[in-house]
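Inspection log for the structure reproduced underneath, given as structure tokens.
All chains are identified by letter, namely A, B, C and D, in their written order; residue positions are counted from 1 within each chain.
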Amino acid sequence: MHVDADALTDFRRDLHQHPEPAWCEFYTTARIVEELRARDVDELHVGPDALEESDEERMSLPDQATRDEWRQRAEAAGADPDLVERLDGGNTGAVAVVEQGEGPTVGLRVDIDGLPIREADADDHVPAAEGFRSENEGYMHACGHDAHATLGLGVLDAVRHSDFSGTLKVFFQPAEERVAGGGPMSRSGLLDDVGYLYAVHIGLDHPTGEIVAGMGGFLAVSGFEVEFEGSPAHAGAHPEQGDNAIQAMAEAISSMYAAPRHADGPTRVNAGVVEGGTASNIVAEHAAMECEVRGATTELMEYMWEETGRVVDAAADMHDVEAERSLNSRAPSAESDETLSAVVADVAENVEGVESVLDHDDLGGSEDATYLMNRVQEQGGKACYVGLGTDHPGGHHTSEFDVDEESLVIGVETLAGAIADIGKDRA
Amino acid sequence: MHVDADALTDFRRDLHQHPEPAWCEFYTTARIVEELRARDVDELHVGPDALEESDEERMSLPDQATRDEWRQRAEAAGADPDLVERLDGGNTGAVAVVEQGEGPTVGLRVDIDGLPIREADADDHVPAAEGFRSENEGYMHACGHDAHATLGLGVLDAVRHSDFSGTLKVFFQPAEERVAGGGPMSRSGLLDDVGYLYAVHIGLDHPTGEIVAGMGGFLAVSGFEVEFEGSPAHAGAHPEQGDNAIQAMAEAISSMYAAPRHADGPTRVNAGVVEGGTASNIVAEHAAMECEVRGATTELMEYMWEETGRVVDAAADMHDVEAERSLNSRAPSAESDETLSAVVADVAENVEGVESVLDHDDLGGSEDATYLMNRVQEQGGKACYVGLGTDHPGGHHTSEFDVDEESLVIGVETLAGAIADIGKDRA
Amino acid sequence: MHVDADALTDFRRDLHQHPEPAWCEFYTTARIVEELRARDVDELHVGPDALEESDEERMSLPDQATRDEWRQRAEAAGADPDLVERLDGGNTGAVAVVEQGEGPTVGLRVDIDGLPIREADADDHVPAAEGFRSENEGYMHACGHDAHATLGLGVLDAVRHSDFSGTLKVFFQPAEERVAGGGPMSRSGLLDDVGYLYAVHIGLDHPTGEIVAGMGGFLAVSGFEVEFEGSPAHAGAHPEQGDNAIQAMAEAISSMYAAPRHADGPTRVNAGVVEGGTASNIVAEHAAMECEVRGATTELMEYMWEETGRVVDAAADMHDVEAERSLNSRAPSAESDETLSAVVADVAENVEGVESVLDHDDLGGSEDATYLMNRVQEQGGKACYVGLGTDHPGGHHTSEFDVDEESLVIGVETLAGAIADIGKDRA
Amino acid sequence: MHVDADALTDFRRDLHQHPEPAWCEFYTTARIVEELRARDVDELHVGPDALEESDEERMSLPDQATRDEWRQRAEAAGADPDLVERLDGGNTGAVAVVEQGEGPTVGLRVDIDGLPIREADADDHVPAAEGFRSENEGYMHACGHDAHATLGLGVLDAVRHSDFSGTLKVFFQPAEERVAGGGPMSRSGLLDDVGYLYAVHIGLDHPTGEIVAGMGGFLAVSGFEVEFEGSPAHAGAHPEQGDNAIQAMAEAISSMYAAPRHADGPTRVNAGVVEGGTASNIVAEHAAMECEVRGATTELMEYMWEETGRVVDAAADMHDVEAERSLNSRAPSAESDETLSAVVADVAENVEGVESVLDHDDLGGSEDATYLMNRVQEQGGKACYVGLGTDHPGGHHTSEFDVDEESLVIGVETLAGAIADIGKDRA
């Protein structure tokens, strides 16, 4: 199989040095597109062309000033200004298409964004020791999406040089860390002819040499914020003139947790961040909170979304306050198809470096690859989320996180092998 | 002054033996009317004629079965069946008018209902010892309204035999104990020409021989109940199918107490009685509570009425439950006019047996004579609530309560004297 | 196999006519014991001998007056007064032991109590039509425990006449409907040598001819009540003097539902019944609620028990009120052992009248046979809960409930066959 | 009377240019002390000598860094470094004593701190137009304490040149805006021989030429903050592992507002500022709120302080969270003595420029001069809070606030006149 380990490492390190937050992956997208152009793929959908048309209300989109700042940083780091211009408005990400004869259309989804975490600079942190630590201070690839993007490119190369017969589509998805990019990309139309979809995640406490052939147990999630707007008043002189935004929020918090739970399965609710008011002697005019609900199924999450919505509205009414709820992130639940994970398991057994293959594991958290998986499954296709073990010194989302680059080759061979197998089976 | 002490005592003891609850004063009204007919007063308004026309929604009206039972009791005790028939529907009470030449129209309001309290039967309880204990077991004149009704009759007699020039109206008001009768009687039209109104209460921790010339500090009050109707569900198998009436009620209770208080003065709120649900493993379909709000002014009470209404509705909405609130009792606040209380104080100084005259005292509770007082004051007239001291062995609303019958004569002389003085001043 | 269908029917109908509530099964126990005495079983443990020694704090024990009333009823219906005397204090139930050679000790647990439900008297209700409707008006065998007790006796007879080698113990357990009798009987010592235990339930929406070889999914449950004791005060005159029991209870209710849920599995909480207070104008001195918590495992139930306990205490502290929590019912979760359910499935296939055998089904509710099952399993033994289908016209716990008596024979043959098989395997 | 209007204006403008927040009045104190030294007063108590000895836990004391910054600013603006050094630790303020023969000891209390408000720079704002706008950007004398300090100096001069016989003590109190300085200064010992105390406030919506001879209606107040410390957990993966600080705070907020109100008079409670948590998917480890309680009397405020303390502790217990409450500010209630206000009213009638004298008015807010007033009154002395009208273009605590400097002379003449009168009466 065609795999250039050095090229993989170089590309991963380039991205690692330039982590960018959700919807601001200007440098990252530009670098991916440059590489794809160099390969002369059959189709290349960049930025807005890889997302749903109407992006007016994209969740968690940073404001103009923030996006502009990241555009400038991307250009300063060497990104092609014309390419960056095409990503205007935070329309990041790309989809590459390789047509290689008759056969099934197979997708691979990888995500590309970084996190607002300051990277470790200790000597035992490899990126620091070997000179590819983040150049965007305060931001970091602390969840391995640099490796994911590299896998996308590596698998594309390997499949192009394989006997795969069919069409391969690689989805470089933005804004996974805010659980925001999966929805718009799933509705881009580019998935409509995909019969088989793989997604991949590195690490997750599995060591280098271990492959999880199919993951499930994704909790559906909705992250949201609520703004409460009341009327201020002097708390000593005229308490009756106030409409107390803090009191309304407190009521909403207590009552959201008390929502009746559903017999069909686990649900979650949390009010994780609150702020409000200006002074101890003023009835608060404004308060706000950031919350989330989850469910073992999309339906259960939606049940909690409805319940908490009613609670928030009633708590606001109770105190004559206005409440406005807005969605920050959303992802459905999903499950890997066994037929696809069986292909991965078969292939992985024969990949050099693989020492252990697990048929299935639960993620236990949320991730928006589920949007793309659901899309394909709803069309009658199959989807599978693959876990790629890597020795990672720190936990995910910590400043000590790093990946073992050995696992990149294992990942490319496993995924490309599985894709090629699907092609063969179906040709 | 014409006062027949024995007649007063006899009449009071007759009423004391036949205590009747609010809107069921069939025997009491019939006995009063019989006495008034015997005196050949100029006008006599009985039952429905003494109340506002539309009585469909009279607060705290007992159901038909309860009223029927009390009608039968009244007749069994010797009440004139034709008279009782006129009080059908629980339209109890009466108003007597005495026209005695040119002069002002002066009103006297007394209340006539008893309480659902079992009277003491110990040897040291005078009614028991002297054979006039309540014959309606479980009910008792434990607040002295038997004495009040007697004062109404006694004052009427004394004024008729005095040099008072003008018109006297005596209002025998039902249903004070439920704070329910004052409103309908105040809207009967019979107060519309009243320029001066006295109301009287016996006891209130003032001893025999003490007169409080003018009382105030009445808290405006609204008593209400709320019914919550949800949907039941098995709490183990399908909690999500329930709409929890108990949870909604709990929410309403907590939040009613947390309503912002008004800077203009004291307010009160209380949820005093609750019940709901059928089994620990069923999400409750039904719950109900009895509550009240008060205020130092009618406006403050109405403020709390609005606040708690919004809270109840929102708490119900929060749990997808229906809430229905209904008013059980209501009375405004009021204050005695100093010019009228000054007349009382002047007269009382010269009444035999009076040893102490207080110009003013606060009631600190609620009472619906305030409806009649407000009505007169709104028309430009004056009103005054008089406290008549009596040695009472037990507190009001206890089974040991009793009045010192000596105070009946003092009360008649003081009130009739004050009424006569008003007539003289104005003649 | 020795089965006397007519005798089964007669006995079941006798019990059906005399339903008795938990801890008051005087007639029922006496009748069972009479039958067992007639059979000359090897050991017979009656009432207190079949329960844990210390019964002072048995959950849900009715008061003396209630128990006395049921004792009198039992005697009036013909129960042996000496036997009833042995059940004094509500120590009902019995355990019969049959020793039949070398071999394992096998237990069968059946429950015997009725429900406070008025039985239907319509013509299409078989007990009414055929003259064996409940003679204890307002009480009814609406969950088939009359059939269960009959199965206990029928299986004992069948085993005695079979080639079973070993010891059979039949546990006639009281007070299952209050989830209260299982604990005391499980701690009687009589289970200590039991290596295999079957329990059985009729109906559960399975038709006549269907057997569920092993049931699971029992939610662990704790039913409890909380008494709140505060201090009364006049809500208008001195609200600050009250310690508000209703407010404390409302707080506890809202917050119990808001307890954080456990990631290990489903939990439940419910406040199903509330009452408190005396009048709308009195700060409530007393309030009480009946609640329950459940969990998919005993640990999860205990987690919720701890959480709600802390909430109740804190809510009481918040309002300077005393809260006392007492347990009304408790049952752990349990799961049937597959080896035992496999025996049932094998046997059932060959029982006449059996048309369908399900390997497993979830109960989805709670039941205290789990105490006995756990006891055996903790000792290294095996336990299995068998579902015996029966056509039942109304749902469980409705006044139209009835069983198809044809299923009694099927049940006896299946259970006795399974017990005999265990004896053979082990002999 | 000796009054140098120009000197008053100059000094007031100097202070106006250098507003300093509570406990950071380094420049202000230094300038006052320089002036007092120039006058050769009999005693001069500076900084720590004017406050209670133990100042470890002074409320609302800014941290070291903040205090150092203000010290540097003060020195840069020309304050004597040695003097500033004596105020180390934020021990600001001073007390001057003038002994002038036999007679009573009379005190005058003025406050000296500024506010964190940016001063207006519009042309119609006199300080901006005439060149004495705040040099400490973001801070401002927006409540007239620059004028108060000036009055303190002016009255001292006028009394020294009057026929007053006795001892005058002028208290230049720091940290009134945080309701924090009054307590420590009242416990300095310097009030112990004061028989008569005046305090003064300018403005309060009274125009130039109006004097309020005695003010009352001060609400007692306690400002406090509460820190809640729980345990974080992933809200999706392990909600049961968290101890939710936000939920505890929400509970505390709802329940503080629901505390039973006291029949003795108005009380207030407010949670004015909240913040907590770090992310929507994390159970919050930390939350904090700033609150206050008030009462018409000190006892009522203390009642609410106790009630809310119990609520906070119970809410924390309910969620297994630690709560720590700390006091930020406190002041008792107080009332002006009529004998002292009568003196003011008499004197004011004859002061040039005075057009209107009100005997009494309510402040309706809180202020910590009450600590000093209470101290004197508890010793058997008398105290009086005087309102000095001034035309002020913006409201208090707004960036447009300013005083009419004409009122300075009126204030000095009225207060010095009243003090002299006391001396004469008592000599």
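What we mean here is this: a residue touches a chain if its C-beta (ideal position, glycine included) is under 8 Å from a C-beta of that chain, and two chains touch if they have at least 3 such contacts.
Listed by chain with UniProt protein names: A, B, C, D = Aminobenzoyl-glutamate utilization protein A.
Quick caveat, the model's predicted, so the values are computed rather than measured.
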Farthest chain from chain B, comparing Cα centres?
A
Rotating chain A so its CA atoms sit on chain D gives an angle in degrees, to the nearest 5, of 180
When C-D and A-C are ranked by contacting C-beta pairs, first comes C-D
Approximate Å spacing (C-alpha centroids) for the pair chain A, chain D:
54
Between chain C and chain D, what is the gap in Å from one C-alpha centre to the other?
70
Which whole number of Å gives the spacing of the CA centres of chain A and chain C?
51
Taking each residue of chain A in turn, which ones touch at least two of the other chains?
237, 239, 247, 251, 254-255, 257-258, 260-261, 263, 268, 283
Residue ranges of chain B in contact with chain C within the complex
219, 221, 223-225, 234-237, 239, 246-247, 249-251, 253-254, 257, 268-284, 287, 290-292, 294, 328, 364-366
Could you please specify the touching residues of chain D with respect to chain C in the complex?
237-240, 242, 244, 247, 251, 255, 258, 260-264, 283, 303, 310-311, 313-315, 317-318, 320
Show me the residue ranges of chain C that touch chain A in the complex, using the header's touch definition.
254-255, 257-261, 263, 265-268
